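The following pair of complexes shares a single chain, chain A, combined with chain B in the former and chain C in the latter.
The block that comes next holds the complex of A and B.
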């Protein structure tokens, strides 16, 4: 593969604009400080895009430098997203006063995931580093998905009704599940990687758009019964 | 083996989150009332029907796009197609499912009508700004 095509550059550009839009929407609606880590994640994502673009233009798309920067920055961003998720946990579980335990649990989980990925790859391949980053990303997204699922359970149990929080968590769940499935598919069928690049970029656009939507259209005081969303006829 | 497990679990949980997310978008829009003007244009008086969804979407695409609502509309479009698929397959065997899918399809139409309302007022604001300038 020679490099990204026009459509990939376009989606990349759009995605970065959407990430900036999240911060702008949060600022405009006075939610920047309330959701500080979520906004920091978006800003970090913009910074990573700039760094990736710089490496891409300096070394080329197929260079090992770009591959490593791509996967390691992806893993770093996912870790950043863990902290954003932890802030949502703190918001939902604020009545329990469990912030310190939450922080400790998040760090423990991160270290555990990295060690597990390293152990799996060490047993299975000689191309340790490149395989490790894909394996790590897949596992990080999957753990993120499980954590979001648990948070959704907590929202239902604690009867959290803030529409904005509910939409932020649900969109995060959609994002994590799509990425976990995408990385798992890459692991299962390595030949589909080139096809999945554009798909992955489009999935990447979902989260900033969904968060911008939540900040813009769901005021902090809006309420929604989450049990209504989960009700399905029998 | 591990990757296959993660893939299957992720797809199953994705479907759940996707349905809940779309329903949260619909729930927010269902609290807003349609203006008489949009009611007249869309033909939605009290309850919206799933049959009107494509027509309302066509009207929606005639208005200038707003980047903030693009993904929500796309998500609801995908949810509507999913409901139509469920309605024409699984729901044929379960009567309660049939009425639920119809209700949800109607809610999707209402969401699209609310988005239309927003786009119309957005276009009006833009026009007013241009005239002022």
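The block that comes next holds the complex of A and C.
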């Protein structure tokens, strides 16, 4: 496998700039503390990018060092994204006063996913830890996907009206769905793999771009009425 | 049913749904993984590429010729 081309480096650079933009927009609009875990995820993503770039340029694309840094940091970022999603749940369900149960459910689901991942890879004789890390990352991705769709449902059911929260959650759902679609297309049309690898990187730019937009253009007090879209006249 | 048990049930339901979705998606895949963080180019998975040589799987190697599968 050859190393990344110029276009891949450009997309990667663009993605990092968007991630920095999310934090800058949140700071400028006074939303950094309100959405602390989302911003923490973006900051962690920037830090991971710096580490990955350093290892990539030092050791090469197919080096074991880059492979390990990439997958281990990805698992870490997936866990951060999972907690960021849990913080969005806490925001949407704040009226229910169920923070305690939400924290319990968040940790329980994370522990359950970790246990399941371990059960899947426990019979491997080699690279058990690496397989566990990648398996956990994969499984948390699917848990995040399901949780995001449930949160979409909760937003409609609870008639959530805060524009910024709705945009943050919707963009997360679209982000997860785009990755799933890209994965499906890669398997359906293996000949287009080289193109879809670049598309996969571009999808990575979607979430920071959408969140930066939400922080910059949607003030905290802005309101929408998504429930009207789902209301069926009788 | 107590609230904690309800939370436990919901968490397990989410886990089952997510793992079912994963099984459906990955079963027809080529063994590649979905990475969903940032724009860094994804390298091959650690166990396909690494320093140590991968040992042969027990069922693909051996002196004896492989017998036909029982269901054929």
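In the analysis below, the second predicted complex is superposed on the first by the 192 of 234 C-alpha atoms of A that agree within 3 Å, B and C clash if a C-alpha of one lies under 4 Å from a C-alpha of the other, contacts with A are read in each partner's own complex, and residues count from 1 in each chain.
The rule is short, and it goes like this: a contact is a pair of C-beta atoms (placed from the backbone, for glycine too) under 8 Å apart; a residue touches a chain by one contact, two chains touch by 3 or more.
The shown structure was predicted, so the numbers you read here are calculated from the model rather than taken from an experiment.
Participant: Mind working out whether A:209 is in touch with chain B, chain C, both or neither, as first, second, both or neither?
Facilitator: The answer is first: A:209 touches chain B but not chain C.
Participant: Looking at the overlay, what does A:58 touch: chain B (first), chain C (second), both, or neither?
Facilitator: Neither partner.
Participant: Applying the touch criterion given at the start, work out whether A:187 contacts chain B, chain C, both or neither, answering first, second, both or neither.
Facilitator: In the superposition, A:187 touches chain B and chain C alike.
Participant: What is the contact status of A:7 with respect to chain B (first) and chain C (second): first, second, both, or neither?
Facilitator: Touch partners of A:7: none, neither chain B nor chain C.
Participant: Would you mind checking which one, chain B or chain C, touches more residues on chain A?
Facilitator: C
Participant: Of the partners chain B and chain C, which touch A:222 in the superposed model: first, second, both, neither?
Facilitator: A:222: touches chain B, not chain C.
Participant: With the two complexes superposed on chain A, say which partner A:25 touches: chain B (first), chain C (second), both, or neither.
Facilitator: first
Participant: Report for A:177: first if it touches chain B alone, second if chain C alone, otherwise both or neither.
Facilitator: Only chain B; A:177 stays clear of chain C.
Participant: Once chain A of both complexes is superposed, is A:94 in touch with chain B (first), chain C (second), both, or neither?
Facilitator: In the superposition, A:94 contacts neither chain B nor chain C.
Participant: By the touch definition above, which chain A residues appear in both interfaces, chain B in one complex and chain C in the other?
Facilitator: On chain A, the overlap between the chain B and chain C contacts is residues 138-139, 142, 145, 180, 183-184, 187, 205.
Participant: In the complex of these two chains, what residues of chain C are touching chain A?
Facilitator: 3-4, 7-8, 10-12, 14-15, 17-19, 21-22, 25-26, 28-30, 32-47, 49-52, 54-55
Participant: Going by the contact rule set out above, which residues of chain B touch chain A in the complex?
Facilitator: Against chain A, chain B makes touches at 2-4, 6-7, 9-11, 13-14, 16-18, 20-21, 23-25, 27-28, 67-72, 75, 94, 96-97, 99-100.
Participant: Residue numbers of chain A touching chain C in their complex, please.
Facilitator: Against chain C, the touching part of chain A is residues 1, 3-4, 8, 11-12, 14-16, 19, 45, 48-49, 52-53, 56, 61-62, 64, 66-68, 70-71, 74, 77-78, 81, 101, 104-105, 108-109, 112-113, 116, 125-127, 130-131, 134, 137-139, 141-147, 150, 175-176, 179-180, 183-184, 186-187, 190, 197, 200-202, 204-205.
Participant: Could you pull out which chain A residues touch chain B in their complex?
Facilitator: Counting only chain A, the residues touching chain B are 18, 21, 25, 120, 138-139, 142, 145, 148-149, 152, 163, 166-167, 170-171, 173-174, 177-178, 180-181, 183-185, 187-188, 205-206, 209-210, 212-213, 216-218, 222, 224, 228-230, 232-234.
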